[in-house]
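Down below is the structure, laid out as structure tokens.
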């Protein structure tokens, strides 16, 4: 954990990361309901919204699109990822080096760690390399901390999410991106465990505006520092409307009702 | 994805790659019907045809033959490959470094990724090293993107081919070489998923002139940017005739009938 | 083994290491009985007690908290660790390099070796790298020497603990942190095997003050050089009281009764 | 493939490699019939025969004996090898680096690749490193190309030997050392597949003079460029006599009858 | 094999290595009968005997004790080793680098290779690195050449021991440390196979003075160049007495009777 409040990843100490690595992780199926969402440009446009503190994409997307947006959007380069064509014990290929991320203009990096996977040992060692290289570039590190694997029964219990948040702190992540445990109380536990590492909620599948904002509000009330959102933004016909609402809930402490007005 | 329209790999933004790595991948059986096709010189001669934007071969073939053709042919060095004497879960040995490819005069490199294989993680990490090294040499990267492996039932469904094309974009390939999904609609989906990464069709086994040109035409109509062709050219008695036709379909937007005249 | 009596890790040739890597190794469950113990700052405060010769934490905790305590606390950076979400044959991820530990201000490093695990070979080779790098920085090395794994029936027998202590000497650790074998005689055997490598007892689960101090006293009487204690300190409402007692037993050769007064 | 006709490995574009790596690959049993054959000096003496273009040995033999023969014998250092005490899926340990081979005075290097083995991927990648390092030293590379492993039924069929020869060409070997497929026709196929990579026959077990010379003659008539011979020379009481005959068949295009006179 | 007669490892071309790596390889059980033998200092004292050409210990023992003996004892650093807590297919962790061994004052290095183990490939490649690094430091290399593993029935047959000796020669060891095959004839075969690589007998478990000296005498008569002895020296109440006898047998060509006087 390093002081990151003044980094491009944060605004008033909070973060709203627009995540768009689904083309690699899930493939075309995620774009099925709204075909134009397959176009990364649409997400980069959405990322120019003042609520978005960074856009999170894989190397190839950054290479192709970020040059046109580097003045208006902050880049969080997601360093590892895996297709869901592959069905083995959870793992993730490191498909971009930190040095190359820096060359592409990234101001922060992201890294998935599947605690509890048979590949935990290897992933944590790869995380070490990425984290220490990021320190050389003064780039904050966001850990996608997702306990998953053979030995793990329920990956969204309060205890598991709290453990996930703690792993991020112990291993040196600046932000822990964790699943929503389902309640404000669960999130409070995660926030407590993470100490100064900021906890942000992972957005998950698309839900209704109200339902989604309510979970975000619960996260903020629990001491969370924001959100990493993907499908709930770019799978919507009008991403801007939801980003307006999110801005109110996250940065202006508005109620869900006020944010939906 | 980097701008490659002005690179030797393209002509008018399109590519016709003459692939000749079959001696490694398939062995002598591919030369059985036309024994003289075993001689790489014959393929290099064909590659002097103005329709061919690059010839794709393995390191050893390049070492032995490219010095005589470096003024007339552009070299795409295929960096990995495997014999079919080996029957395990899909994988491919990296048998040439990017630095050595550059030394041999390559203007671009090629790399196979078997998404969905149990070796996907390792192959993607090897691709990362190759891709970033190629960037240092300003060499475009072509991904042979072939989903394959235990977890994969049908590797030419529209969805799988579209996913293959997307992987190429997400991981930073400039051109995605994918199997033909069997229809123009399938190819359109792949092209849409690949964004600015150019999609070229993988030629596959030898078929009739008309049938082959029709699939190429469908690819071009679907927004594809060309073709990587092997057996359909060099297994023919007269490679030049088909290359003439391909030139018309790919670079002159001719109909199949016109191209066959 | 190098001369470490004058290093920050020792006081009068003995060591009291306050270990706080439980958030990684055990997760939130260890903080359950005393929620404020989840806050690393509380442990760092306790570590300012003159009895504590070093605090042992993982990289992330050191990054976040040590800058505020570097004048008052000596840092032992624990270089490897694993969550208990993972259930495989004992292993531990190297999550911090020695160079980075030095950058964070560590004056010594810690490393777990599970002798007898199927991963013993790999762990010993990782230990080699850490140990030799630590020598370059003149940093003492503490081995968490815990025989564990498929081939091992009873990991606290006198013979096993003595072997654990010997491994630390043979492999070049300056301090061997071993489980308490249950008796003074067992500890004497371990001390004899370790030669000049100092043996410290690993504190284990929380017990009563008297019971705990009695085992520490036995260790000191057996020729042990101190203690690495975690839960028995920071899981207590008043860590300072027990540290006062430990100081008497370890550094002032007091009896347990005298130490409890 | 590089031009090697003027290298020490060739004489008039052909090669006669005296192979003596049997002490590693087969052990003492190969020296059983003729105990003095265990002495490497005897083989080095034989290698001074003008017919021998290089002697092929492992690192340790080169270290011990080559200093006395460097003026009279050319050294081909065999870079990998394995004892037959080990019975797993075919593999070979790289027991010498190319740099060290150069230091020992080698003018060429040899490397075994077991195409079709489950270790093919790894072996080909190790071959890549050796081949590219050899290029830095301008040293020709000889591939012991021996398809072998679980997936392989018959390793001396014409097709398999032809594939073996092709692998050598595709992967960048200058000479392919292959098993004799049993007929001139089989060898012609291998020679055709190898293109400019020279094909030499692997000598195999000891047979009669006439039988052996007949197979060598068939190889030369098929376009082969020589022989790598071991037991058929140094297991003989009088190696020189057979080398005289081989010289006639290989370099003077003599008939077997003439060579035996 | 390099000329080592003038190195500290030899006296009159012969070697008597006092081996004391049992604390790592076997653990406390080896010190059970004579508790003071657990103290490395006792072995270092014994090593000052003029018959001892080097003492062989692991890194940690060298670090702790060699500084006091560097004027009186030559150090052979054993670079790999494994505890017997671990029960897998024979393997050995490389726990010390050659560079660090040199820093510690070693004048030679030792390395175990288990030919025939499923780990033979890896061990031989690790041996390569150690051997070539030792050459850079002009340090002789002693191979503990112990065929062992699943595929191996009888590891002390004449043929196996002879193969073990040959592996040492082929792979570039200067001295081969092999088990006693049980007879002078067996040892002669090993010596013949090793060529200029010196063969020394591995001492094994403690036996009577006479029995032990008789086997040493047989080794010397067979052309062996000495002994690596451990338990037969330091498990004795009076190590000096046996060393006196060994000196006579090894360096003064005395009979066993004369040596026992």
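Letters A, B, C, D and E name the chains as they come in the text, with residue numbers starting at 1 for each one.
By our rule, a residue touches a chain if its C-beta (ideal position, glycine included) is under 8 Å from a C-beta of that chain, and two chains touch if they have at least 3 such contacts.
Since we're looking at a predicted model, the values are computed, not measured.
K.L.:
What's the minimum number of touch steps needed to get from chain B to chain C?
P.N.:
2
K.L.:
To the nearest 5 degrees, please report the angle of the rotation taking chain A's Cα atoms onto chain E.
P.N.:
145
K.L.:
Between chain B and chain E, tell me the centre distance in angstrom, where each centre is the average of that chain's C-alpha atoms.
P.N.:
Computed from C-alpha means, the inter-chain centre distance equals 57 Å.
K.L.:
State, to the nearest whole Å, the distance from the C-alpha centre of chain A to the C-alpha centre of chain B.
P.N.:
35
K.L.:
Spell out, as numbers or ranges, the residues of chain D touching 2 or more other chains.
P.N.:
None at all.
K.L.:
Chain contact topology under the given definition, line, ring, star, complete or other?
P.N.:
Topology of touching chains reads as a ring, each chain with two neighbours.
K.L.:
Could you walk the ring starting from chain A, turning first toward chain B, and list the chains encountered?
P.N.:
So, from chain A then chain B onward, the ring reads A, B, D, E, C.
K.L.:
In the complex formed with chain E, which residues of chain D make contact?
P.N.:
Touch list, chain D to chain E: 21, 23-24, 27-29, 31, 35, 38-40, 58-61, 63-64, 81-83, 85-88, 91-97, 100.
K.L.:
In the complex of these two chains, what residues of chain C are touching chain E?
P.N.:
Residues in contact with chain E: 1-2, 115-118, 120-122, 124-125, 127-128, 131-132, 135, 147, 149-152, 159-160, 162-163, 166-173, 189, 192-193, 195-197.
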